[in-house]
Amino acid sequence: MIFGGTMLSNGLVFARYSLAEWIQGLLGDRLEMIPEWILFPLLMLAGCLVIIGFITVFALFAIWMERKVSAHMQCRLGPMEVGFHGALQTIADGVKLLGKEDIVPRHADKLLHYLAPIIVFAGVFPLFVVVPFSEKILISDINLGLFFVAAVGAVEVVGVIMAGWASNNKWSLFGAMRAATQLVSYEIPLGLAFLTIILLAGSFSMVDIIHQQEGWLSNWFLFHNPFMPIIFLSFFTASLAECKRAPFDLPEAESELVSGFHTEYSGMKFSIFFLAEYAAMYVVCAIAAVMFLGGWSTGIKPLEAWLADSAGNPMREVLSNTVHLVVIVTKSMFLVFVQMWLRWTLPRIRLDQIMHVCLKVLLPWTMVAMVATSAIELCWPGGNMVLTALTIVIWSIPLLWTLKAILDMTVGIFLKFVPSGR
Amino acid sequence: MFQSVFAKKIDFEPKAFQEEFGSVINSLKDNLPFIAPELVLVGAICVLILAGLFVPRRDQKGSLGLFSLVALLGAGWLACSVGTSHFPGLEKPDTLFQGMIAFDSFAVFFKALFLLAGAVVVIQTYLSHEFEGFAMGEYYSLMLASLLGCCLLAAATDMVMIYLALELVSIPTYILVIYRKADKRATESALKYAIYGSVAGGVMIYGLSLFYGLTGSTALTSLSTISMEGANAAVVVIAGFLVFAGFAYKMAAVPMHFWCPDVYEGAPIPVTSYLSVASKAAGFAAFVRFMDAFGLGEQIRIAGGESISIQWVEVVAIIAAVTMTFGNLSALFQDNVKRMLGYSSIAHAGYLLMGVVGMKGIAGDVEGFQAISFYFLSYLFMNLGAFTVVIVIASRTGAENIESYKGLGPRMPFRAACLAIFLVGLIGLPPTGGFTGKFMLLKVVILQKYYWLAIVAGINTAISVYYYARIIKNMWLEKGSSTEQILASPLGVSVIGLQAAMVLVLGVFFSPFVDIIQRISFLS
Amino acid sequence: MNILNTLSILAAAPSEATAIWLPVFFWTFALVSVLSSLAVLVVKDIVRCAFLIMSSLSGLAGLYLLLGAEFLAFTQIMVYVGGILILILFGVMLTNREPLLIKRMKATGLVAPGVLAGLILFTAIGYSVCTVDWKVTDQPLPADADTPARIGNALMSDFILPFEMASVLLLVALVGAAMAARRGGAEG
């Protein structure tokens, strides 16, 4: 055959399964009975199931969280009936959605209408392959991690356009056009942010990037030099736009376009759009955590070293993985919370403002920051303590301000539950 | 386990890269002085793009044009000086940048030719009325980028570089053609040009990838190592034809010539004149180098006791004959001067291909491309000169039609006389450079015993007399509607005069130029 | 038997058993890309054509992946699916006022030469591919072949001149495209 033996070896991008280890523990000696050629697709399937499981659970939680956060920000209580503080509300909603009739408009392009949710989901789902949770809990550490994210993330917009077009509805089409404009434009600052991180880490791999930031908190790329927070802000803003989250939610602006590109979707297809949106939220936040916030690193050097020293100590390894899992999920969930916070704080901006923000604010600033970071990396390869200190000093003011705002808000929420004397 | 994270970071990638590629990088640094003209162009492009934002719109044609002129002449001077003398303390390498481009007298000659042509086109732009009030920063930067592509194309010795340089020549010119957007003809022709260009480029890259598969390398030198076993001969032919499509598009040779008249008519006249000389010459330079590396002559290779030869020369000869005949016959029926010059430029591509035919024979037989080089030298002055006069006439009277040239002779005697000289040169009559060039081309063809091709070329020259002489006749022998003198600007008159003088010098005192030409080779 | 070892063996040297999946993947990707390209010719709805182009390009990306060119595969997805296809769709949707745009090309004159040219090119290339003993390497790439690093090193050493010239080309193309797209062109 022309395509010879090397193909599979390199085609197996998904070569490193921690999952495999787990399956081995489960099956033990019986594993040998399974031939290799069956094992291979089975492992792939298992990986997919794990991702789908995570997405579902996350979406269940995040939707509830969104409703609670929005409610408390508007001095409401949100769902309270089903389960503790409405915790099971999303499950009930999910069951309801499953039972709903699947309506396809009469003049819609039936095939494309059917395919669109699948393509949107296909643009998000593979991203979880490279999202790490700890050294052992990750599907695959491919050596093109960030590039893979940038490439596959671009597929989603095709699905959105397809949905908008196939619905044969003016509002849907407007939503799709807005989505295309916005998503394609914001890929540029996003890509520049990726480039900066790749430049600093010298690798595309998520795990490599995290390893570069181990040690003390000051090693996080966010504090690498005074320009990195600019990159972070630009990345975060662009990722909001990529997720179509407010204030960049023009593609589905309820007050203008009914609900944008998924106006004509109901039942399970609608919930797939919803699932993809929430999955994308987690992915961009997890990637931001990996790129800027040290990934699963706790930021405490002695603790990290103690956790890493697990030779001959399986319990330590379990502990290390658990701690790292908790750390990276916490960081990501914090960023998810910020996304929700912004959604319920900022008004939606106009399309021309969206373009203005992207091309005249984010792009030049990211570019400047990227060039400056490259220059710094050239002068002091690996970073410089003085610069890090400078970064923390300069950026502590807005940071402290942000923290104060968060404190005010959380305290405010708690205070609401304290019965007042009046 | 308490290892310093900073330390770990420092001996990461960069160091390994330094060790492994340090020597390569250093050799690349040594190469930089030899692409000084290209670097000047790149710098000028960036300056022009920025300057276009700050210089007031009405001054742009003059001030930015002057800057481009200085940059082009500076680059041209650098090309000549780097090419003819050694930089102190530097050893002249055979190839630059890991075999991407060559540094030989052939490349240097063509670079100087392109940059000179570029300088003339910049002056033409200044003389032209077509760009009043236009933003010119982009115009000049695109022009310079295309010239940069020409320079690289003449020197390219690697298939990657050839393709990239070809696109660098083409893509800026698509936009130059559409520069006057309000003009419907320009929009239509730019679209045709771009579609043709992308198809030709796509077909060419098919061929290049076949060659890459046959040789396992992108270097042109590896082309001569293709083993012609069995079926491979057919594949070499297929790949050769596919690659030829790309070159033919740039040269405007027959199977890929359709864009030429439309674009020449639709584009602003300075752009037309640029396309007819610099970009065509770049295509020829690359084609000549490619054919030389290919072993154009008797391509006989022994494979399994059987000798297989592919007669490329026959193919090129037929294409040359068809191209010149088609160009000349079509030019007969044109009324628009630009369109007529477009067809005449197709015809000249045919004449020039005769030089490639002359490259047949033993290795080191250089007369063929020396003839091409000389012809381009005189074609530069003849064609650019003719276009300069056409621009002046169009600017002063708005006439682009051959009929409206009636009676222009007495109204602008000096410039009309110069146009007559240019047209006589384009016909190929003495005492002009056109005659010397065509003589050299015919000589190499006859030396190769392609008598039929020489006869075809002779017949074609006779045909071309009709449509060139028609302009001269209209200017001097016919009566026009007006007898008012047409204003002469000192710049226009001097440029036209200089070019006419050069055409005559190349026709009479050609020996110093022939000396220069005879020193051109593919060896540095 | 350690499953991790099994996997690393799978990745490094595919045994006969796992090679079963190779043709499955190959034919899937190949059929997807060829069939959707063919469908582009037949389907009348121009938007559907654009989406078919997407599936054709994605199939090609899959083939690149099988050949061990992950970087190329992801670039293919990013550039074509994420960029060029969106542009095509945008163009189609903005220029079209009817809900479903139908290709209205008259099937005269152009079809026969088009089919002929396509057939000639197909025959020529197919003949070349099938008959020639191509210069292929039988050395398998190591399983940990760090292709991005290799590509980066090649671009920064052997191919630095084309790389830099490509950046000049992109710069002027960008400036020129902005100029050509501006309302009123260089005059505006």
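Lettered A, B and C in written order, each chain numbered from 1.
Please note the rule applied: contacts are C-beta pairs under 8 Å (C-beta built on N, C-alpha and C of every residue); 3 or more make two chains touch, one makes a residue touch a chain.
Please read all numbers here as calculations on a predicted model, not as lab measurements.
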Central chain of the complex, centres being mean CA coordinates: C
Pair of chains joined by the greatest number of C-beta pairs in contact: A-C
Chain A and chain B, separation of their C-alpha mean positions in angstrom: 52
Distance between the centres, which are taken as Cα means, of chain C and chain A, whole angstrom: 27
Mean-CA-position distance for chain C and chain B (Å): 32
Contacts with 2+ other chains: residues of chain C: none
Residues of chain B touching at least two other chains: 13
Touch list for chain B against partner chain C, complex: 13, 17, 20-21, 24-25, 28, 35, 42, 45, 49, 96-98, 100-101, 131, 133-136, 138-139, 141-142, 145, 148-149, 152, 158, 160-161, 164-165, 167-168, 171-172, 174-175, 178-182, 206, 210, 213-216, 229-232, 234-235, 238-239, 242
Contacting residues of chain C [partner chain B, same complex]: 121, 124-125, 127-128, 131-135, 149, 153, 156-162, 165-166, 168-169, 171-173, 175-177, 179-180, 184-187
Chain A-facing residues of chain C, complex: 1-4, 6-8, 10-15, 17-23, 25-26, 45, 47-48, 51, 54, 65-71, 74-75, 77-78, 81-83, 85-86, 89-90, 93-94, 99-100, 136, 138, 140-141, 143, 145-148
Touching residues on chain A, where the partner in the complex is chain C: 1-13, 15-17, 20-21, 23-24, 31-32, 35-37, 39-41, 43, 107, 109, 111-112, 115, 142-144, 147-148, 150-155, 157-158, 161-162, 165, 168, 173, 176-177, 180, 184, 187, 204
